[in-house]
Amino acid sequence: MLMGLFNHWVVIALMMIGLYIVIAHGNLIKKIVGLTLFQTSVFIFYISMAKVNGGTAPILADDIIQYSNPLPHVLILTAIVVGIATTALALSLVVRIKETYGSIEEENIQDQDNQTFEQSNSQKDSKQEKQA
Amino acid sequence: MKRHTFNLFLTLTAFWLLNSGHYSALMLLLGLASIVFVLIITKRMDVVDQESIPLYLTPNIFGYYLWLIKEIIYANIVVVKHIWRGQKSICPALKKIKISQTTDMGKVIYANSITLTPGTVAIDLIDDEILVHALHFRDIEFLEGSEMDRRICLLERK
Amino acid sequence: MNLSLELMLQLAIVVPFLAVVAILVTGHNPNLREGVTIAACLILIYLVVNLYQGLALGATISVLWWELLPGLTISFNIEPLGILFALIASFLWLVTTCYAIGYMRSHQEKNQTRFYLCFALAISAVMAIAFAANLFTLFVFYEVLTLSTYPLVTHAGTEKAQKGGRVYLGILLSTSIVFFLLAIVSTWFVAGTLDFKLGGIFSADVDKTLAGILLVLFVFGIGKAAIMPFHRWLPAAMVAPTPVSALLHAVAVVKAGVFTILKVCIFIFGLDLLSVLPTTQFLLYLAGASVLLASLVAMRQDNLKARLAYSTVSQLGYITLGALLATPSGVIGSSMHIVIHAFGKITLFFCAGAILVTLHKSKISEMRGIGRQMPLTMLAFFIASLSIIGVPPAGGTWSKWFLMMGTIETEQWVLMVILMLSTLLNIAYLLPISFHAFFPDLIPNKNQPNKCSNKAATSINKQPAIGITEAPLPSLIAIVITTLGCLILFIYPQPLFELATAVLTNRE
Amino acid sequence: MDIVINISSGLCLFVGSFLCLSGGVGMLRFPDFYTRMHAAGVTDTLGSAMILIGLMIISTGFLVFIKLVMILLLGMLIGPTTSHVLAKAALHNGLEPQLGHEDADNKETTSSNP
Amino acid sequence: MIIAATLAIFVAMILAIIRGIAGPTLYDRILAVNMFGTKTVLLISLLGFVMGRPEFLDIAIVYALINFISVICVLRYSDTNEFKHTPDEKESTDKEC
Amino acid sequence: MIAHLPALQVHLPVLQVIIPLMAAPICLILKRAHPVWLFALITSGLAFVISVLLLQQVMTSGVISYELGGWQAPWGIEYRIDKLNAFVLLIITSISTIVLFAAQTSIEKEIPKSKHTFFYILYLLSLTGMLGIVATGDAFNVFVFLEISSLSAYALIAMGKDRRALWAAYQYLIMGTIGATFILIGIGLMYQMTGTLNMEDLSQRLPEVAQTRTVFTAFAFVIVGVCLKLALFPLHLWLPNAYAYAPSIVTAFFAATATKVAIYLLIRFTFTIFGLSFSFTTIPLQTLFMALGLAGIFIASTSAIYQKNIKLLFAYSSIAQIGYMIVGFSISSVTGLTATLLHMFNHALMKSAIFLALGAVMYRLGNVQLSSFHGLGRQMPFTMAAIVIGGLSLIGVPLTVGFVSKWYLLLALLEQGWWPVAVLILLGSVLAVIYVWRLVEVAYFKEPLSDQVPVKEAPMFFIIPIWTLIIANIYFGIDTRLSVQVAQAAAMSLFGVTP
């Protein structure tokens, strides 16, 4: 049973590691690394799921009769493309965050946001007082 | 510029043809499409510049390669020896060495050759000095005023 | 004009609404704007009187406007209670408009167009409530009424007005959403219909506990009836200009509340079911407590409008109580009290407003001796007070009489005692006002020994020869009309009585 | 002929494997990042090359052969570049190399990581 | 012999992983990951021959390219403070990475 | 016109998705912002026409199945339109078209000129993604379209003027990707158990293996993933900032459509694919969702009350409204589901109107802080009136759409005898009164701040779409035939009840 679901255990371990990185790390790039790991674990899950006993990789060749299930591979190709797009977009966001906030640490960014929030509030308050 | 783009086109085409293995019309067309796509992107990114492929070195470079391969083999044996004999056999060193190359290409070839031979790594290249880290200080001594420098200068002279 | 009654019924709702548009258009010209309002008032009265006559001749009218969901319609019909409410509302709209013209102009209020506009909208909603043929229609316009009177409450635009508006809207909307709507949906779910039907819509074997809970939900949910503990909006709405207070406390809002309670008791539950529900007794005592407590609170108020507001809470308790007694006498008493209290309370508010406009006084302690300056106003105040208290020669006598009869018929001795006690309290908090106005030096004011009252007293003494300065003429006319109404209702209550009696006997 | 091919290929593969293993061992045994880099270099150059050449010898089709050559070339291009970039980044970001004493020669080296 | 070579490469990869886990500096880890990548390329090539599927070489090429790109990417990012290696911070960096 | 071309009629399901997809690259060719806007508007309008035709077709002749590329259903990708799909498609395309009408004016002040073309491209891609999710009958395709719409959503949100938009987009990206990946895992597990990805096929085959742990796991992953996308409490943290700092048009579009699509997915997965008996009897989904929905209503509404940024306020309100939909869903009765579907439609009408109006305020004032609304009731009467009517609809005042859905929700709760929940739902409306009225008071009863430059009413390009939506708000609040009929029919078919 434990061995039969070997691939599941690997996938779950990878997934948990990925999620842990996303949650625990304040560095935006590291979060993306975690996210990618998390996604990749799912890709592995699909691919391992496609394995047919005695079947080989589903790359067409003349003298081979039994292949593994090619459908998950195809699906995951799509998913990988999507994943790359996500990662690229995320990285570009991080670049712009770095440009505007000057930091890629979650804490710093949130501190800055809170400060601007308080500032704008106090400005508004003073406006209202003037009004009164 | 155009010449470089054309070279790049040829390289990519060769790369595609050698990797594909499928030569149906559809596949070839798709290949062409992707090559054109890559060319457009490189054009937009403005990376096809003067550096490109140093084809003008060709006549002498093969001789140098042969010599370099010999050096690499020799250096490999030395490093493997160090590995199995353990830490006590090594004596790492970091040093700047003078180089006599004048062109950028020559400097780069020298630096890369240093890195390619096990036991030495070129870390930085500033003007006419290369910062080298070596597994054993003797390796650096060997590099200083060595054959490699001379051979690359020969290549440069053409 | 040969208009069919159906058309008239619809016009009664649409005319005030058209007046809204007309007021909006003519807003830049005050004379025209107010002319439009008065014209709309007159047309409305004409329509409602016609409907009343139609009803008297035994006509049955029902109009379906729209079917929102299957079985859930916006539709209207006429029955005596609705006509009674529509009559009083349309007539008092005219009177209040008269009064408002004088008040608003002399007070130089801002946003007068918005005032008349919302006023007309509120009346439109009131007409729709009066003629609603089912609970859903009633609910829809109940909410419209709340929303259209909100700008009136916050008319002044000050922080205080906003605060009052917040309480007003908060309580009325919350109760209507949380309790009233829930009760409506549940009623729909249990009975399968929301159409008003004499004798109720629940089947005989309905779960009594469930129906009892529903009754509680209705009484709490109809926040406009101001049963304690959901009465806070009424005093909070005191910040509004006086004509608005008159509208809220005498005509539109509170009367819509108690009218809805009566409608629910008579046409949703039916008196038979009502009398056997387990929660009726509890609600009766709640209404009784409301009557008594509000009277007690009223006594402690120095602000005249606040005192009148708590008086209203108390008087609304009478009407709810009468409805919940579930006897013909109770219903007749309640129905009549809707009208009679309307005349009485509107007069009182008109007087309060007149005092504010001409003498700039709002505290009772400052009003000693003003009878010399405003004799007519204070006389009206006195007569209206008598009507509220329920003694001759004012109309209140009759409604109180029937309510008392109701408690006796049902052997609710505790409630009877409460009513009597409350009458005493009414005397205690209303009569001294006019009394002191005419005889300032007869009894030294012990209740209000603060500096403020002393100052007021001395200021009066310093300028004794100020002469008669009554309110602006339109306002004075309004006061006189409503005061006469109080008297006429005592002398000639027959049509009102007949109408109230017909509520329970009219068959469609 | 087959035997020649098999033996030469086997030899190449053996040498390559040995070099790669040695590289791995060196990764563990050497004291600091910079020295370990040299160990990795062993595997990247001659180790890979020998294994790929071994495969080339037994390869069947032309395309297979070409692909192996491609992999070899890529490795040769990429290996030094990464090494250089890595070392440069490490040095620039303040990672100091452990240096031996030239006079001590083989006898003494600086303390190392366990 | 091919199988033996495959095993040898496999062992080398494990050794690289051990270094990757042990660190201690970030650069050791990058180096280990890079070496792991280059060995993977070899492993795929060898496996292709073991399993009689030389088509795997395509994958090896792609893998080599990706490995290169990923290392370069990580190093491009080395400008940030996170990568600054100062002896004082060594402890904390060790934990972080 | 299209209706008279039978050849095209057959292809409507795929055209629904393909047209906006193809339009996106064409925008790249058109390049200049103005023609691109017109083109996008026409595309969206065309999609709207198609969705209307599809709804007509479904209501008269039942489910439409379209096999992509001629491959038969279990093997090829099937596009499948039933009443539910058609209904959601209609919501998306109609809102998209109306919102797009105001886009050109709105982004003029919020997005740099050079990015306008990209804005429309991303908008169309996002639209494509959403339409694809709804139109497809293939579980994996759902994931792909989900990512198409999400990726463009992240990029669109990041275009916001405030730098916090970047941070919000990043957070949304992380959460959204985790959600999508969860869905992917779930789909993979289902595929492992059944060997099919076709939804119809899955629904046939899943019952046989329903009692295995794998299917439970699959279900859990899918539901959590969808709930992340749905911003169901407590997975809602990404939503407020994303909506508040995105360009106004984007907020108006997404607030009205994105969560609706997620609700659609939730319904599709629980009702169609896993089946009613599995979703609600073997798993205590009812209690869980009821609790989460109610918690969402109260916590989000309370948060809304304290917001000073009005977009943030209404973003929190959106989370609360999602709570209502979830409560209706969790009742798992025809009436409850009808309420949810109705509220999907109605909430789309309310929120797109409100956020467009806020976009108009943004256009004139440059921000949507509460303090900027001082005296705005007089300066921008039409815009503010729209917000007020939208707010009344949120509260659920009769004669607005909000009332209709609340009515059905209450009815559904009473059918089950869940009185306390009904009371809680109504209390939630009271919270809505509070947060709407804070704005009304400031707008109508405060004088404009002394340093505030007097502003004019918003331009026509705002007023027309805003009031189209507001009139729809009232119209569908009075004439409920269309919305109720379709919602009820969809709910009935999901329960397998014949009308």
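Couple of notes before you dig in:
All chains are identified by letter, namely A, B, C, D, E and F, in their written order; residue positions are counted from 1 within each chain.
Simple rule for what comes next: contacts are C-beta pairs under 8 Å (C-beta built on N, C-alpha and C of every residue); 3 or more make two chains touch, one makes a residue touch a chain.
Note that the coordinates shown come from a computational prediction; the quantities given were computed from them, not determined experimentally.
Between subunit A and subunit E, the least number of touch steps comes to 1.
Contact count check for C-F and A-F (C-beta pairs in contact): higher for A-F.
Of all chains shown, F has the CA centroid lying nearest to the centroid of every protein CA atom. The distance from the centre of subunit A to the centre of subunit D, each centre being the mean of the chain's C-alpha atoms, comes to 33 Å. Look at where the CA atoms of subunit D average out and do the same for subunit E: the two points lie 12 Å apart.
Centroids of subunit B and subunit F (each the mean of its C-alpha atoms) stand 56 Å apart.
Centre to centre, using the average C-alpha position, subunit B and subunit D are separated by 16 Å.
In subunit F, no residue touches at least two other chains. Looking at subunit E, one finds that residues 58, 61 touch two or more other chains.
Annotation for subunit D: residues 18, 23, 25, 37, 67, 70, 79, 81 touch two or more other chains.
Contacts from subunit C toward subunit F in the complex involve residues 66, 68-69, 72, 136, 139-140, 143, 147, 151, 154, 157, 161-162, 165-166, 169-170, 173-174, 177-179, 181-182, 185-186, 188-189.
By the touch rule above, subunit F contacts subunit A in their complex via residues 140, 143-144, 147, 151, 154-155, 158, 163-164, 166-167, 169-170, 173-174, 177-178, 181, 184-185, 188, 191-192, 197, 308, 369-371, 374, 447, 449-451.
Here subunit D touches subunit E in the complex through residues 9-10, 13-14, 16-18, 20-21, 23-25, 27-28, 33, 36-37, 40, 43-44, 48, 51-52, 54-55, 58-61, 64, 67-68, 70-71, 74-75, 78-79, 81-82, 85-86, 89-90, 93-96, 113, going by the rule given at the top. Within the complex formed with subunit E, the subunit A residues making contact are 27, 29, 56-57, 59, 61, 104.
Considering their complex, residues 392, 395-399, 404, 406-407, 410-411, 414-415, 422-423, 426-427, 429-430, 433-434, 437, 441, 444-445, 478-480, 484 of subunit F touch subunit C.
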